[in-house]
Each structure stands twice: as structure tokens, then as C-alpha cells.
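For reference, chains read A, B and C in written order, and residue numbers begin at 1 within each chain.
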Amino acid sequence: MEKRSARPAREIVVPGDILDDSGAKAGDNTYTVDGKVYAAVLGVKNKNQYGVGVIPLGGRYMPKPGDMVIGMINDIGSSNWMVDIRAPYPAPLHVSEVPWKVEFGDTSRYLNVGNVVLLKVLSVDEGKKIQVTMNDSGLRRLEGGRLVEIPYVKVSRVIGKSGSMIQMIKSMTDCRIFIGENGIIWIDGDEKNAEVAARAIEMIGENAHKGSLTERVKEFIEKELPNAGEVGE
Amino acid sequence: MSGTTDMILVDKDGKRIDGRMPEEHRAVKIEAGVLANADGSAYVEIGKNKVLAAVYGPRECHPRHLQDPTKAIIQCKYNMQTYSVSDRKRPGTDRRSVEISKITAEALEKVVLTELYPRASIDVYIEILQANAGTRCAGLTAASVALADAGIPMRDIIPSIAAGKADGHVLLDLNKEEDNFGQADVPLAIVPSTNEIVLLQMDGNMTRQEFDKAIELAVGGCHDLYKLQKEALLKRYGDGGDSDE
Amino acid sequence: MSNQVISEIRRDHILNLLKDGRRTDGRKVDDFRKIKFETGIIESADGSAVVEIGKTKVTAGVKIMPGTPFGDTPNMGVLTTGAELIPMAHPSFESGPPGADSIELARVVDRGIRESGMIDMSKLCIKEGEEVWMCFLDLYAINYDGNLFDAFTLASVLALKTAIIPNEQYGKGENKPLPITCIPISATAAKVGSSLILDPNFDEEHISSARLTVTTDDDGNFRAMQKGGQGSITLDELSRCLDMAVAKGKEIRELIG
């Protein structure tokens, strides 16, 4: 999660913009030429004591080990499943990384094309080969409910500071919600409530770069669900 | 470049048929993020040129044999729509569009940090909706905005514009008449932070002196366009504060 | 259209809502998404339009030029329709010559225009047996989110309706509007589960078993139809499709004026 300390004004930078020429350490999404640090992506300049970097405003999700992601099985092999996690590369789930003992060639008995799974990124090697696992607590196939897709860069806003945003949405709508770092979000609960939760999250996905979000999301849910649960802060 | 005409393209005051001065480019409009499905997109108008660019990727590279284990490849497809020109263009790929697609991809390769995405493909699609001389430049200008909009890591944003010669005058950004009845055309694209040339073509007839002048005008034009490309990207994300918690 | 997998959760969600006659975007079964259009966008075309139905966006352009008539219709103009599913529009679309999907789309659009007699072809004769006006109608999908049939038909109709015969360009007198006699409108229904829904979006289209496109004229008569998909529709469903197409045709004709 990016640190979201209050800044006086956020500065949007485009690739090629100079971020620093006084020796600051080059952070994420930058490149360096002759000691000067330049922005490599469109995003918000992020300068702190550790250096200067850019928080991207868009782009494709790039998996990091440990990330929780939601994906869909889109192909089956005899010893693995291919999972689409909206990354630049396919994410194979090997039979040794599921909580069942799967015989060779028996993969489709356990998971099939179109199934949605909650996984963890196990590793990303130098050649960007990805491995995902379902062997950890809570990881599983997701059934029922609904899916919302938002740009992965907005996930931190959906979660909010120390989880405040998502806690608010969960308690006001009384829904179960899983957030994939890749921007795919699963919501389950009462039909009307789940609808409101989904729309609230979509709202964050569209407006996360604008201010006073918590208030607007709260107002939205209160308007749609007048009997919403108390906010658990 | 027919090279010979009785048509007056530049009058005695140095004014061109569309009222521009020699070093002026046509009116430019750039908009980023115009398509829902693409990872990034841009719409560019330069004079009467209307161009759309879309970027998909980085994504798995198809066909597979094109994969490079050390970096992403950029695949570009420039396409003129049938009704974009005065005589209907036959649909489908022709030799001209293959060439333009190739040099556009090569220009973009220079700035995109392709080494970050081994084996992947970054696909750039350029559609010419309306053509009026300078579509390859407008296409490349749009493509680099679309790449930035797609969040693709890159060193810089590439602007592209042509200079040329008509009626014996060196002019920036030839329009259709100047291109048809002029004597030379020089499409150029640069990396604005370094002025490195990433696309250059020339056809016609120019002296060394005229060519130098044309490059000077085109480099200046590129820097003008770069400002507008940047503005379009900033505008897409509007203003508004960052934090509220 | 493309062979895209829709996740089980999405599919079930769509099907569950449809049991109560509801759709994921809040529409009723016989609602279209919001339609937006603009004509005359391309100066180099003799007629042009851009149409958006929800997130589906297409352009249409017509070029009109003199040419030789077909031997069996020596005093009639010619209409040629092409559609391209360019890779800009969707990650599943590939470059290359038109495939079966785009050819079907172009032919269904063409049929609606041709069979409704929208263009009075007899007025497009310049010299019998020698020279007639040829109309080349070209369609491009710019962003694909389902229901290209209706988006393409509507864009075609708008481009043709505003098209000018370029007499001046060919030294044949004054420019004139293309002779238009009526406004054909298509409405496409998809069968999803046991429901019939109009104007399917991408997800709905990809879990549908069958679809039916019905093109009507100003009088609410039928001028072209196309059933697609591997599933079937019952006679009762057919009847409902026809009713919906007539009602929707009227509505859209009013919208475009």
C-alpha cells in the first residue's frame, strides 16, 4: 500500500518529466540519466525521505509475490490450470499448489474453465514467469456473489487508510468482500446490498484521484440503503 | 511530390493558402483516454487529419514465435479507413501501411522501456479516420499519448510532424495541397528531452540549406506538439486533491 | 462473435437477475442502452456517422462515385457494404481480412438497407447501361461491447441519410442528397437462459444461446432478419422478438428524427 500522507498538492507527471536533479534516490517507475531522476510513467510524483518515485495512474497489474489476486481459469493442462489475473502474463496454477491431491490429467475434475479463484502470487522470476498458489488459508474457489473490476491502481483507495474504506463499505452493506490486488473484487451478500456495495466500489474506481472520497461513498450508501448498519470505525 | 505547378501555394507576403505562415503548424487537438476497452487511447486532430490510436498490453505475444525472451516487442498497425481519402481506399493492408507501421513501431521502441516486459507484446493500433497530409506523424503523435495513457513505462513522449517545401518555400506541416503540389516532404519525430531523431523520411528535392531549415522547423513543431501531448495527459486526470483520509 | 469465456460468477449473476426480469446494468429486458450519434464527422466521406450504444462505438462512412452498372440492372445504382472488426475495438479482434463474423454483420446490415428500399437505386442512374452511382458503405467497430448488428445498421442509416451525391466533383452538375425513401432500423434480441433481451452487451452476448436481428421499415413491416447462434428460438419467442423490433424501431426512428 502506498503511503498516503497529506501533501499540499499532488503533482501529476508524464514520462520524461524530471523528478529530481539534486541527488535523490530513484524510486519506483523512474529512470536515471546523468544523476537526474525522470518519471517513466504517467502518475503522481511521490517524494519522501527514501527517494522520489511515481505512483502510476493506470496501466496493467504486475504481480508481486504475496499479492492476493482474483482470477479466472481460462485453460486447463494435465498438471496445471492457466489463470487470467489481468497481468501481462498468464498465471499457471500447478496441481501441487492446490489443497487437493490431483491425479495427472484429472485437473478438470477440480477446477474448470470459467471458475473464479482467490489466489496468492507465489513467485515472479526474472523472466517474469508467474506462479500462483491456492495453498494458504482463505484461498479457494469463489462461488456465487458478483465481481467488480476496477483499475488495479485504485485498489489502495478501495481499501483506504488501514482498511477504513473497505471496513465502512462492509459494515454499511453487510457484505462479504474480497479484494484482489489486481483490481478484481468479489462481493457477496443480500442482492440489494451487494448492488450498492458494487456501485460504491465502482465509484471509487472511477474517482479515486479526486478528494473527499470517504464522505461521498458514505453518503451514497446511506442514500441507497437508508437502514444501513452503523459505521464501524 | 509532382514538383511542377502553376498553383500559388505561398503568396508574396509569405502567407500559405490556409492562411498560415511558413513556420506555423495547423490547429491541433489532442485527447487522451477516448476508448473504453483499450489499455490506453488517444484522439488527435492536426488540421483536417483525424486519427485514433489504441494500445493493448503489455500482453502475451501472439504469434508466439515473435516473442523476445529479453524484452517486449512493439507491434504497430497503421490503417487508413476507406473513406478517409478523396478516392476510396481499398480496405486491407497495402505496402504503404506496412512501411508506416514498421517505422512507427521502431520510433516507439526507442522510448518504451521494453526490457521490463520480456516475452510480452505491446500492440499499437492507429486508425486514420480522415487524411489530409501528415497522417503518419499524427498517428505517431497519437500513439505515444496512447502509450502513456496505458501506463506503459517509457523514457519520453514522442511528438512527430513534417516539414517540407512548396512553391520554393520551406514550410512546417504541409497540408494536402502543399504536399500534392510541393517539392519535398520531411516527416520527423524526436525524443523531446534530447532532440534525438527516431523517425525521419524524405522525398522530393531539397538543397542542404533547405533541408537544414526544414529540420529546424520540424524540431520546433515537435516541441510545440509535445506540450499539447502533455496537456492532454494531464487533462485526462484533471485536478483535485490526493488525500482525504 | 469472439470465443470469449465469461466467468461462472458473471454468468450466474446475469442469469439470476434475469429470473426477475432484471439486468446487471439496471436495464429492463426490452431496454436499449443509451444511444448517442453524430453525423458528418468525416469530411472526406460523402456521408458519415459515429454511433454509440452504451460502450459499443462504431463509425460508418459512405463514398459515392460513378461506375459501371451490373448487366442485369443497367439503370440502377450499386450499394456495397463492408464491415471491419479492427483490433482496436476489442482484445479478441485480430488483424487480417474480414472473417465470418464481419462478413455476416456487413451482409445483415446491407440486407436491411437494400430490402427496405432505403436508397432509391433507380435515381442513381447516370446513363443507362453505362454509368451509375456506386455507394461504398464501410463500417468500423471502434469499441466493442456487444450488439454490433444494431450499432452498424444505425450508423449506416445515419451516414446514408446525410450523404451527398458528389455531382460537382465529377462535373455532373450540382451536389444532391442521396435519394432516401425510408429509415430501416434493426433491433437484436439475445436469448440468455430462458429470457429474451434486447441490445445485449458483451457479457450477455457471450452467454447467449441464440440471437435474432429484425429490421423494420417506417410502416413497421419486416425487411430483413437473421437468426444467429447455436441455440434455437421458439415460435413464441420469435413473435415477441417481432413485437419488440417494431416498438423499438419506432422509438429509434423518433430519436434520430
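By our rule, a residue touches a chain if its C-beta (ideal position, glycine included) is under 8 Å from a C-beta of that chain, and two chains touch if they have at least 3 such contacts.
On a predicted model such as this, the values are computed, not experimentally measured, just so you know.
Enquirer: A-C or B-C: which has the larger count of contacting C-beta pairs?
Expert: Counting C-beta pairs in contact, B-C comes out ahead.
Enquirer: Hey, which chain ends up farthest from chain C, C-alpha centres compared?
Expert: A
Enquirer: Could you grab the centroid distance between chain A and chain B? Build each centroid from C-alpha atoms only and quote it in angstrom.
Expert: 34
Enquirer: Rounded to a whole Å, what is the gap between the Cα centroids of chain A and chain C?
Expert: Computed from C-alpha means, the inter-chain centre distance equals 38 Å.
Enquirer: Measure off the straight-line distance from the CA centroid of chain B to the CA centroid of chain C, and report it in whole Å.
Expert: Whole-Å distance between the two chain centres: 32.
Enquirer: Going by the contact rule already set, what residues in chain B reach two or more other chains?
Expert: 59
Enquirer: Pull out every residue in chain A that's touching 2 or more other chains.
Expert: Residue numbers touching two or more other chains: none in chain A.
Enquirer: Within the complex, which stretch of chain A touches chain C?
Expert: Touching chain C: residues 72, 74, 113-116, 142-147, 186 of chain A.
Enquirer: Within the complex, which stretch of chain A touches chain B?
Expert: Against chain B, the touching part of chain A is residues 4-7, 9-10, 12, 14-16, 29, 31, 38, 40-44, 56-60, 88-90, 127-128, 153, 160-161, 164-165, 209-215.
Enquirer: For chain C, which residues are in contact with chain B within the complex?
Expert: Contact set of chain C toward chain B: 41-46, 48, 55, 57, 59, 61-63, 65, 82, 84, 86-91, 95, 97-98, 136, 138, 140, 142-145.
Enquirer: Please name which positions on chain B make contact with chain C in the complex.
Expert: Contact set of chain B toward chain C: 35-38, 48, 50, 52, 54, 56, 59, 77, 79, 81-88, 91-93, 123, 125, 127, 129-132.
Enquirer: For the complex, give me every residue of chain C touching chain A.
Expert: Residue positions touching the partner: 5-13.
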